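Below is one structure, written out as structure tokens; the observations come after it.
Which chain is which? They are A, B, C and D, in the order written, and residues in each are numbered from 1.
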Amino acid sequence: MNSPSLAACLIFSACLFCTGLAGVLLRRNLILILAGIELMLNAANINFVAFWRHHPASDDVAGPVMVLFALAIAAAEAAVGLALVISIFRHYKSTNPETMEDKSS
Amino acid sequence: MWFEDLLIQIKSVLVLNAPEGLRPILSAMLSATPILSAFGGLFAAVTLLERKMLGRIQNRYGPNRVGPFGIFQPVADGIKMLTKEDIVPKTADHSIHFLAPLLLLLTAMLGLSVIPYGEKLVAIRFEAGIVFFFAVGGAAELAVFMAGWASRNKYALLGSLRAIAQMVSYEIPLILSSVCVLMAAGTLSLDEVAKSQSGSMLSWYIMTPWGLMGCVLFLIATLAEVNRSPFDIPEAESELIAGHMTEYSGFKYAVFFLAEFVAMFAMCALTATLFLGGYHPPLPILAFIPGPFWLFAKLMVLVLLFIWIRGTMPRLRADQLMEFAWKFMLPMAVINLISTGCWIALGRGSLGWGLSALINLAAYGALSRWLSSRPNQQKRTYRFAEGPMHAA
Amino acid sequence: MTTVFCITALTTLASAVAAMSLRNLVHCVLCLTVSFIGMAMVYLQLSSQFVGFAQVMVYVGAVAILMIFALLMTRGGQELFMREWRPMHWLVGGLVSLALLAVLVGSILQSPVIQNTGPVDKVERVKDLGQSLVYEYLLPLEALALLLTVALIGAALIALPPKQYPIKPQPRENS
Amino acid sequence: MIGKGILKGMMETARNLTGSFHDPERLTTVSYPEEKIPAKENARNFPFLVYDGDDWESGLRCVSCQICEKECPPQCIYIEKDTQKKADFLGKLQFQPKVFDIDVSVCMGCQICVEVCPFESIRMDRDFEYAKSDRFEGLLLHKEQLAKSNKYYHQIHPTEATETDAIREGKRQDHLAKERAKAEKLAQAKEAASKSQSKEPNKE
């Protein structure tokens, strides 16, 4: 099975990363900002696997292992992040980061 | 063996006579077609069998009008479903409303592709086959949500959220109870798991204490995962008017049913592969009967068990369902992992067998004692039906 | 570069762009799910099965569902961003990410790594993966287990309603 | 132990399942159009009109008093009075119904018409096979379809029919007694009159 070349994978992941970044910069909803962060994490993961795939050393599995760790961390991040979003929503009645202001003042 | 060789011969003749460019597609289609048609036929047969059996359990005959003993009832049902009007709510999200049943069917059918039907009959030989199975099974939750959300109906949304909560909760004990088999077999590939149980019935994993417990836990979680009674809260007809299927009619509704049944078959096939020796006959001398037959026989036994359970048990309340998942299934599955570890560490002999049985029995006894002593497990008194108000 | 990869990559990118720009938030999450699945297919093409399946399991089976639940629980507070359309904002944000993209692509195309290496014939074996997880990377694995436990408990605690908990069981009086 | 109750229940249903093949006690359902369970005596669903004797038109008990029409909650009875009076079983002259329709698609079987009928004319039937291909005309029952003989009434509800007969017999006896009393009174009055007539000349 012929796999995609390294350059193609890297450009693909760069595009994904920039899409995620644009989402984080432009969207005005905390959940979608989290989604953008997830996209950027995933783009980085693709790079790990692509470099592992094209590396001459045949017996190490560092790339996939790294991705597995990143997956687990991303899952933990999503869980805590979304819990935070929910508690922020409960406090401010909004998920727009721009409308949040210090209520105590 | 001869049966599998025959099938493989037929397929290779057909593929080799095709033009070069078409071969991969033709090969994939030739692998997929028998599986899909076999399970489609099984779907028709099991709908009839289920209604017949439920009828017998409830002192009825079941369908007996269309054809002798009602055997053409599935055909009549199919014609009825196909000719019904397909109604889509005006405010529904049309594309998602259309995609949801197809996605659900897709996830159910993809699971069938990694089941080993015989020593050489595996549609896709993945090294991490069981991970694939659970991964595509996880996408079913998304399909259910799409169906419920796209309908723009409160009942549908509530039903789908309940379904997702239930499926997510029961996925954990499901995977944990299958992990004990993977530990014992030392592989993630389903055909390796089936191969490790060759020989007589005694080498099936259900014959060990952890295997028995794992099988029971797996079956219970399967019931919840495919929304079968008594865990059919998502489609509770009497309270949620069929949950996420409320706004579906005609053919799409039939597709939902097909998906549910195919998911059930896939889960039963997985149970048979993991715990009941897969395509191996119960006795070595019966090996002249081909492997697919044995797998389907085991699958049918499990399906009959499911129908029997459906005919027996009432529906669980939503909170009881969650409590059962998190307070009984999850600890029991984790303890079962420990007992599997003991069995493997003690050399898979009788000593390990005894210790494993001891751990499981002690855990089961302690858990059931703890659960049944909890205040919400006491006998309920119904204030208005049997309380002092009623007496007065 | 094969056609299969092209199709997958384009679908993934298109759905990622859709996920970041659609108005309806549920559509956004569904598109995001499609792009997660596309990434899993890219992993499969890079011959690393287990990672691809784990990706589907974690992202489609868990993260997407979690996002949908969060979305439905924070309804009523969702501002549709098109309503407050600010061209300057979008221009600046878009330019920043496009500039980053240009820098990244330029450096990728210039780097000596992509000239030197062709694809190596290797397949990820699940057994190797597992062995290296429990021998080589045992400490990170344990740390990860701890992290996941903490995240589970922490997420549950953060998302709990602040006042109503612990819910006192109402004494069941016989009236 | 968790699961004991489940196993018990499963055993019960398994007994039902296997028993349904040999034990008639466990298969109480019958295949309906081919075999029917004999109806219970008190089974009732729609009203019908009772007539005495053999000719339904002359023996109809109904006198078109229209009480049932007024009392019917879903208003499914429609009655038109005839223009001429006929003698009823007591010999009184009464109006007979020219039109008596019951729309059984509307009727809810409440039996209020039976309760209020002072002439024991309307009673409940137990025939339930009313399925028709025409749901408007076919389910609107006319006088000739509704009229059923007292013999039929005895067949379907023997106890009740006997009671009804007893009531009617009582009414007839009362009527006869009244007639007799009237006749006696009349006779007495006549006698008295004739006596007084005969006395009168004596007086003078």
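Convention: contacts are C-beta pairs under 8 Å (C-beta built on N, C-alpha and C of every residue); 3 or more make two chains touch, one makes a residue touch a chain.
Every value quoted in this text rests on a predicted model; they were computed, and no experiment measured them.
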Mutual neighbours - chains that touch chain B and chain C alike: none
Longest centre-to-centre distance from chain D, chain (CA-based): A
Chain centre separation in whole Å, for chain D relative to chain B (CA means): 58
Distance between the centres, which are taken as Cα means, of chain D and chain C, whole angstrom: 76
Between chain A and chain D, centroid-to-centroid distance (C-alpha), Å: 81
Rounded Å distance between chain A and chain B, as computed from the means of their C-alpha atoms: 33
Chain A residues counted as touching two or more neighbouring chains: none
Multi-partner residues of chain D (each touching 2 or more other chains): none
Topology of the chain contact graph, where touching chains are joined (line, ring, star, complete, other): line
Every chain pair meeting the contact rule: A-C, B-C, B-D
Chain B-facing residues of chain C, complex: 26-27, 30, 33, 37, 49-50, 53-54, 56-57, 60-62, 64-65, 68-69, 72, 125-127, 169, 172, 174-175
Chain C-touching residues of chain B, taken from the complex the two chains share: 96, 126-128, 131-132, 134-139, 141-142, 145-146, 149, 157, 161, 164, 168, 171, 187-189, 375, 381, 383, 387-389
Footprint of chain B on chain D - complex, ascending: 1-3, 6, 9-10, 12-14, 16-17, 20-21, 26-29, 31
For the chain A and chain C complex, residues of the former touching the latter: 1-12, 14-23, 25-29, 31-32, 34-36, 38-39, 42, 45-46, 49-50, 52-56, 58-65, 67-69, 71-80, 82-87, 89-90, 92-96, 99
Chain C - residues contacting chain A, complex: 1-2, 5, 9, 12-13, 16-17, 19-21, 25, 28-29, 32, 35-36, 39, 42-43, 45-48, 50-51, 54-55, 58-59, 62-63, 66-67, 69-71, 73-74, 76-79, 81, 84, 89-90, 93-94, 96-98, 100-101, 104-105, 108-109, 113-114, 117-120, 122, 124-125, 128-129, 132-133, 136-137, 140, 144, 147-148, 151-152, 154-156, 158-159, 161-162
